[in-house]
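Chains: A, B, C, D and E, in written order; residue numbering restarts at 1 for each.
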Amino acid sequence: DDRIAFGTDWLAEAEYGGYYQALANGIYRRHGLDVTIRQGGPGVNQTQLLLAGRLDVAIASNSFIALNFVKEAIPFRVVAAMFQKDPSVLIAHPGQGHDSFPALRGRPIMISADTRSGWWNFLRARFGYSDAQIRPYTFNLQPFLADKGAIQQGFLGSEPFSIRAQAGFDPVVLLIADAGFSGYAQLFATSDRLIATKPDLVQRFVDASIEGWRSYLGDDPAPGNALIRKDNPEMTEALLAYGRAALKRHGILESGDAAGRGIGVMTDARWADFFTTMSAQGLYPADLDWKRAYTLRFIDHAAGTETRRP
Amino acid sequence: MTRAAPWLFALLFLSLWEIAVRASGVPVYLVPGPVAVLGAFLDAPSLLLASLASTLGVTLVALAVSAGLGVALALLMQASPLARAAFQPWTVVLQVTPIVAIAPLVIVWVGDPFASVVICATIIAFFPVFSNTAAGLAAAPAELLDLFRLNGATRWQTLRLLRLPAALPYFLAGLRISGGLALVGTVSAEIVAGAGGVASGLAYRILEAGYRLQVPRMFAALVLLSASGITINLALGALAGLLLRRRGEA
Amino acid sequence: MLTLERLGRRFPNGTEALRDASLRLQQGDFVALLGPSGCGKSTLLRLIAGLDAPDAGRIHWDGGQAPAPGEIGFVFQDATLLPWASAAENVFLPLRLRGVARGTAGPAVQAALARVGLDGFAAALPRELSGGMRMRVSIARALVSRPRLLLMDEPFAALDEFTRHGLQEDLLALWRELSCSVVFVTHSIYEACFLARRIVLMTPRPGRIVTEIESRLTASPEARLDPAYAALVADVTHALQQIPTAEGPLAPSHAAAPAWAGQGWRQDRP
Amino acid sequence: MTRAAPWLFALLFLSLWEIAVRASGVPVYLVPGPVAVLGAFLDAPSLLLASLASTLGVTLVALAVSAGLGVALALLMQASPLARAAFQPWTVVLQVTPIVAIAPLVIVWVGDPFASVVICATIIAFFPVFSNTAAGLAAAPAELLDLFRLNGATRWQTLRLLRLPAALPYFLAGLRISGGLALVGTVSAEIVAGAGGVASGLAYRILEAGYRLQVPRMFAALVLLSASGITINLALGALAGLLLRRRGEA
Amino acid sequence: MLTLERLGRRFPNGTEALRDASLRLQQGDFVALLGPSGCGKSTLLRLIAGLDAPDAGRIHWDGGQAPAPGEIGFVFQDATLLPWASAAENVFLPLRLRGVARGTAGPAVQAALARVGLDGFAAALPRELSGGMRMRVSIARALVSRPRLLLMDEPFAALDEFTRHGLQEDLLALWRELSCSVVFVTHSIYEACFLARRIVLMTPRPGRIVTEIESRLTASPEARLDPAYAALVADVTHALQQIPTAEGPLAPSHAAAPAWAGQGWRQDRP
């Protein structure tokens, strides 16, 4: 089989259920792939490992990374976007008047460094947030829970559940994708060289991953969940169930273009929209050849039919 | 009394902590009391202990490597004033380079996650042994150096018979500082290097439990970490006492 | 063996320890150096040993060649022992530095310790020894390597008179045996007269060498009973009293002849 | 020669690095050569220098606090054997507790980001000064202690006139280790604190450049960090030389 | 003032330094302690000062009360100076520890330094002083606080004879003035006889106190000229020779009467 080292951008959780499911159910194997999943985590920069050749394919958390490839003239690009909607959220305490994005303008918000160089720019552009609002975020809910006025970043399938379970209330959850953020999430990034030399391998990996997602979301997720819990023993069944449900409820994978054209699909139009917004923010030069950030050749064709369950 | 004091203090501290937590009604996800922490440990002792073992393994290797490297480099600089002049300032670079920044590079270059974490931890733990040993080697009393010079001692003899024994207390003091740093360095490196495939250390428990708001478990991991740190420190202290006792310096 | 030519030494803090100190040391000579505390005796020994450099003047070695390292034995004014090494290890050190194996050196080390009366203390650490015992270890260490030139800075000052007499005689025997050269700093006129072939007197700081007195005594234990010994002591004492200082002649305040001394020498007690 | 040695060494090292990078054709996004790094710095010098200033501010405050706290605690333990017995083992806890774990708690309790980062950096930098000073206070020569006892010195007099001066070289050696740790501690804390609302320190530049894949800029920030570390180290070394010269120990 | 009752001291390494050492010290007494190197003299002084505790026997203070801290002046065998403090600061130390202000203490410190001949070195650090000068700073420090009990461990061993004579006389004057008690360890029979009211002899290790000789000399510089001084020296020397050791009587190997000594005293030279 062809070996593939695949890097996720966070510790194992329901957000990577499709890949673990593909591993557990032998979908990758069926496509002639010997896949190793390498978890990410806070401080783990998977992109760097990808560039250094330690990973064959890595999940780029957002579209920014793909544009950065172009900007820094790095011969890598993205080949698929698993999440049509970025599952990033802002969470706040209920009853504080922090119920909408515009209401949060000027309020202190805890975000991490990568968010600051990522979708924070969208919020600045769209809602007039400023950097002065930023407070340190430690990947930990304690500061949030200790302060009723606190607002922090989070993931749709994670913090709301933990807060409900431990603190006993439902926080306000604001999904940035719902506010018009046009970035994709969970993009597959790989090298131009791999695309040029082994397009078939890339194709099989994309297809098998999509198939894995279909299985995870549509069938019994237990095999994938078991593998997730092996990689990340802190994960509970309840949280996995919640995460999976959140993915489905919000159509993270299967909304928008993907609804008709299958999981993983990307379009020039959305890329164009994303690039225009961000270059208007001064993040990218207007003459950037943004189309070099991705290729559409591996998605939006047979994917839907081929992954139909036998 | 003196023997029991740390335990009494710990007991007092823990009691006060539990009482404070109960009296104030701080929710367990913010600050858990000792009882809750103990409970969290007993929930999954083998999980935590396995992580501890993994972390300690890296720590001890890193400490040994730091000690060896620190002494070797200190010796090199003692042996050659030119080497000292050339390198000494640059050793600081290792100390001040944040693990977070270089860990990805180390992982990229080294590949093997275990070796990567050991290297990162060593980078952190290395400096105190090195700098203390270097100071100790330079601190040999002038009148004894005169004696050696007069008797035609070679550089190497002066090193082995005078400078090294004179540096021993300095080395041991440095080692004691490095012991703790190796531990915390390992944890930091584990965090940056991520779970990376190998058996996951305590760092990972702390992070993930923290992220998942399983705060009592996070505290349990922290307590294990602290206990290991204290044990390492006391063990190195005992070693120093043993080695220096005969010399009447303990 | 060597000539000191108008040596001068001024320390960075301005203290002038030596000025115009000249001295000639023959091979096989035994010179005693007498002078008030702080006059520069230790400084002079350090200059000879090459542990310090003069600011003025120069040191000329016969044949142009300073003794090889290891050929100089130095008993420092303080014992200067390795604190972590036993008495025997400390005595062994000079031999060890010359590459002598421990086994080979064993008997010599034992003998040197026995000579200074420390047979039972070979394994003792310096901090387990009394002040005098530490000094004796240091003496044994200087003697064990049978040096060509022996520099001794008040080696016997911390010893009782009996031990001291024994060691003085041992030193003389060793000197004759090795025919080495000795420069011996002492505060005892008696010791200087008993041991030295030449007694050299220094002025108070800045130290200069003003007087040299030759001894014609035979170097042997019997010399203590020789009337010439008493005469020499008297001569040296007299010469010391002639040395001018800023506050008048250098002499004890009570410098009158003792009523009970009447055989040609005046100042017979330390 | 000795004066120029570190510079020559640096020059040699940088040349070799540039040559190696060019010869091997390693892409700049993996390992940039010195020329690329310098270029990245010159691209946005004020940005990096402002971050540096912010980081150095925290570092110096943390170092000062560590020094003050370390000495104070060492004194306390010297003053009361019971306090020493009770606390000494627990001070290790501070050393080995990873920033990542306590940063959230510090933020909960302190709130103010600047103060939070200072506290985290202090926790890292504190231990060497403390442990060296404690060792120095305990290392006063026995015969001088006898002298003080005989003259009826109070505990406080013995401390001020004997133990403190005797501990000075130890304190300075510890401070030199802590200097680097304060810097790396600040950076680590900044990283944990992430973007932090206040002026963003070097850590943020490093992270941001990492995310933006601007590797040369990341290296430029690292170089600035190293240079600061070396400067702090040399400055503390010079301070030690100055203070000990008069005592003839330098 | 105090009584030592059969004191014993054995160190952890097994060395027995003292056995059954008994001594009575009157208020205003001046006792000289003579004994071979390593016999336990320093150990005895440390026991009296309370810096070490006996394993056997006990120390009884008249009135049941040991001197208050600060009432004992101790000149250690080594100078034991604060290495970072100037000579003047070192001498000031005992006064400072008693709370005397620097200004008030100034003249006393100056006087003490002048008395030991170090007027010009008030600002010098210990490492800038010669061995004898360091010892003199240490003596000045012990005297400056005008103690009730003065313990001196070979204080003048590193000094030349002239300086030594002057300090001996100063010490006597001070002793009379303060009417303090003194225990004075020395290796010089002459010094012991000149200074002490009682001369106490110790055996080789384990040290015991075997002989006490009373002096009837007047304590004054003139005593050096008194024939009784010479007689006392002879007595003490004789008594020392009677002390039995493992290797026979404790005496120098050449212990015959000098031909040139003929006035009732036998062993007149150190």
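The rule is simple: contacts are C-beta pairs under 8 Å (C-beta built on N, C-alpha and C of every residue); 3 or more make two chains touch, one makes a residue touch a chain.
Everything quoted here is computed from the prediction, not taken from an experiment.
Trainee: Enumerate, in label order, the chains that touch chain C and chain D alike.
Mentor: A chain counts here if it touches both chain C and chain D, which gives B, E.
Trainee: Between D-E and A-B, which chain pair shares more contacting C-beta pairs?
Mentor: Higher C-beta contact count between the two pairs: A-B.
Trainee: CA centre of chain A versus CA centre of chain D: separation in Å?
Mentor: 37
Trainee: Report the inter-centroid distance (CA atoms only) between chain C and chain E in whole Å.
Mentor: 25
Trainee: Could you work out how far the Cα centre of chain A sits from that of chain E, in whole Å?
Mentor: Whole-Å distance between the two chain centres: 87.
Trainee: Mind checking the centre-to-centre distance between chain B and chain C? Centres are C-alpha means, answer in whole Å.
Mentor: 52
Trainee: Could you tell me which residues belong to chain B and also touch two or more other chains?
Mentor: Chain B, residues with two or more chain partners: 30, 100, 104-105, 108, 191, 207, 210.
Trainee: For chain E, write out the residues touching at least two other chains, lowest number first.
Mentor: In chain E, residues 78 touch at least two other chains, as defined above.
Trainee: Identify all positions of chain A at which a residue touches two or more other chains, and write them in rising order.
Mentor: In chain A, residues 43, 45, 48, 52, 140, 142, 146 touch at least two other chains, as defined above.
Trainee: Determine which chains touch and list them pairwise.
Mentor: Here the touching pairs of chains are A-B, A-D, B-C, B-D, C-E, D-E.
Trainee: For a test of understanding, state which residues of chain E touch chain D in their complex under the given definition.
Mentor: Chain E reaches chain D through residues 46, 49-51, 68-70, 72, 74, 76, 78, 80, 82-85, 93-94, 96-98, 125, 127, 145.
Trainee: Quick one: which bits of chain A touch chain D in the complex? Just the residue numbers, please.
Mentor: Those residues of chain A that touch chain D are 43, 45, 47-48, 51-52, 64-65, 68-69, 71-75, 108, 111-118, 131-138, 140, 142-143, 146-147.
Trainee: What part of chain B is in contact with chain C in the complex they form?
Mentor: Residue positions touching the partner: 143-144, 146-154, 157, 161-162, 165, 168, 246-248.
Trainee: What does chain D use to touch chain B in their complex?
Mentor: 1-3, 5-6, 8-10, 30-31, 81-82, 85-90, 92-93, 95-101, 104-105, 108, 124, 127-128, 131-132, 135, 173, 176-177, 180-181, 183-184, 187-188, 191, 203, 206-207, 210, 218, 222, 225-226, 228-230, 233-234
Trainee: Where on chain A does chain B make contact in their complex?
Mentor: 11, 36, 38-45, 48-49, 52, 54, 139-142, 145-146, 158, 162-163, 165-167, 231-235, 239
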